[in-house]
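First chain A sits with chain B, and in the next complex the same chain sits with chain C.
Now for the complex of A and B:
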């Protein structure tokens, strides 16, 4: 069927669905966690003169490297966890690494307090437990995150930790979701637990609070300002003798997606 | 096949056989645990009292990260969210599946869907849905608009 369309005519639903399907297939063919690269490929995604292009240029002046994460709706958790495990390796032996490991191990108890059955959720913890081990290496980490079963199980576990954090500290979070969901439970079952559902600011804040880590998000949005950064610090920070020296996990946000950056 | 699949299903099967929730019993599970048949006995005091139904669970190798396929086999209950081909319109089986859900939790949800129903009637679009639906309800694009029945 070949119907000529006026330039301003909206594409049909079928056309939109077909286009989305092509895009999705393209996204899903990308690696779960890409190699650490420069900013050339990212820059090439935008036209010169475009505000995103300008902001990537600004970012490349400040950052040393970029690591693309697959666009499958799980990118925030995958990016955060890879960045966290990588920082644990780079900061091996520090007090920070020790405290973060404790927090991650304690997250199993948080899940139980939130009403999850450990018989079910401990299976999801296992791959993360291995990935934060002191004996791990960057090679093993990259290999593990490339296996979708391991990588997705870790994402799933972090989704449950986010859900538990929201449930257990609902007073902190309720105000941000009540205009779109009647209860925290409803928000969790729609926006947190299902795989492939994208994350928002509230998920990032919950993860930062649950794990005690500082997350810095380079905000690549379409606004006409300079590139800005959102620093998300935990309400209950890790107990550190020298809190100023702890690493920050840097992510790059663009509408609908998170990647890792190295500043 | 991922090892969490067998580990998880083995645990679930053992647990459901040892402590079956009221109204739910496992009739059969394949040796490789891919397909289970579960019998549901409708609760007393509901419009389905005295009736029993069979559910078939089919687990893909990404279970529990992906939802199982769940359909009624034999004669499905007459219910506004259950199609006469056995497909069930229930969000947790599709978009809102959580890997923390279990076979037992799914069965309890379906039983409670039956218990809260006041009138035995087919979904309004039953005839057209059954004509166009594929074999698996997981390939249907579901719209969930009514959580009250």
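Now for the complex of A and C:
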């Protein structure tokens, strides 16, 4: 940045954003969706004896693998969607996969009910529509999620689905929002729709309800207790003959970030 | 062209189409956006808009003003926002007097790909009559509002509007 500027010439917003970007460059150099690995690299991020270190050790005893997601504020949606598409491939041909695909396809109608213009939003649906196709493979999935514009378009679409879910079922969510935002619309335009804005519990609940999937979050917080898990089940579950046998999407939460774990 | 910019081009063509369709509908033209199009046939990524106050009743000090906005669209639009700034001189608490930079969160941190160039222009026209004096780019204009000098503010804005408004 040009520090020679006169006192009355503040840096422009563009310059401020560019500067922020340089600060975040280290995080932005990481892949959008990393390879499936063990817990060694994650463990190395924390000092031995640290509570996080202890909890990662506990987690590695229960989980089989870890997949890092880029720390760019979009990690929850990216992690969830990758985990979902991967589960669809692993559970190919099951009733669960069929019902989840129906829900995802129906989400386009839900967006219209919530007031979004399909002329604009259908473009955002396309890459997700391809990623959930039965003909997809794990190689194609990894490749697609590594391309910025595909991966980000999917994130954008899921943000709109979350927003639509909040708008259409506002009675469910308002109580959790109105102490920090005047209206649910204000919350949506500041905390849901914009890219790069981090997600919270309420976003996870909304996604689970909208897609009908169970999300299990391994909670790696700084509390002294043992590693705990938050199981978030949809209020409107999928219509399944055998609901007990459906897959669960496992995420790992650390303050400000989500990754994927495999249990 | 990268694949990403193809996505942007496709979206922009759709937006042009929608603007034409709206113009053909009675009442389809938004009162605050008088014009919105690419600057030339072969420049899909540079647009110009003409914006006015969207207050049809009431006594906006911007009434009758026509202000040009330059719009530059990045290759990864609509994931990233367009850059929009006034090229006409606009006296407004949230518009930089020299550069025309607009302080509106939706053009920066609150941008969502669900916005379009049209809805962004509408938001700018609404900003004209709903200034936020607490995050000013033009302190002189903002200070009048902060001192509750509405008459002084209105007459200052009216003067600059009549001086710098674009002609048809």
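In this section, the second predicted complex is superposed on the first by the 240 of 263 C-alpha atoms of A that agree within 3 Å, B and C clash if a C-alpha of one lies under 4 Å from a C-alpha of the other, contacts with A are read in each partner's own complex, and residues count from 1 in each chain.
Throughout what follows, a contact is a pair of C-beta atoms (placed from the backbone, for glycine too) under 8 Å apart; a residue touches a chain by one contact, two chains touch by 3 or more.
Please read these numbers as outputs of a predicted model, since none were measured by experiment.
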Original post:
Here chain A is shared; do chain B and chain C fit on it together or clash?
Top reply: clash
Original post:
Touching A:160 in the superposition: chain B (first), chain C (second), both, neither?
Top reply: both
**OP:** Tell me which partner A:120 touches in the superposition: chain B (first), chain C (second), both or neither.
**Re:** both
**OP:** With the two complexes superposed on chain A, say which partner A:193 touches: chain B (first), chain C (second), both, or neither.
**Re:** both
Original post:
Which partner, chain B or chain C, is in contact with more residues of chain A?
Top reply: C
Subject >> First, second, both or neither for A:12, with chain B first and chain C second >> reply: second
Subject >> Partner chain in contact with A:28 - chain B first, chain C second, else both or neither >> reply: neither
**OP:** Please identify the positions on chain A that touch both chain B and chain C, taking each partner from its own complex.
**Re:** 116, 119-121, 123-124, 149, 152-153, 156, 160, 189-190, 193-195
**OP:** Spell out the part of chain C that touches chain A in their complex, as residue ranges.
**Re:** 3-4, 7, 10-11, 14, 18, 76, 79, 83, 96, 99, 101, 103, 105-106, 108-114, 116
Subject >> chain A - residues contacting chain C, complex >> reply: 12-14, 17, 116, 119-121, 123-124, 147-149, 152-153, 156, 159-160, 189-190, 193-196
**OP:** Using the touch rule from the top, collect the residues of chain A that touch chain B in their complex.
**Re:** 116-117, 119-121, 123-124, 149, 152-153, 156, 160, 189-190, 193-195
Subject >> Residues on chain B engaged by chain A in the complex (per definition of touch) >> reply: 2, 4, 7-8, 11, 15, 62, 64-66, 92, 95-100, 102
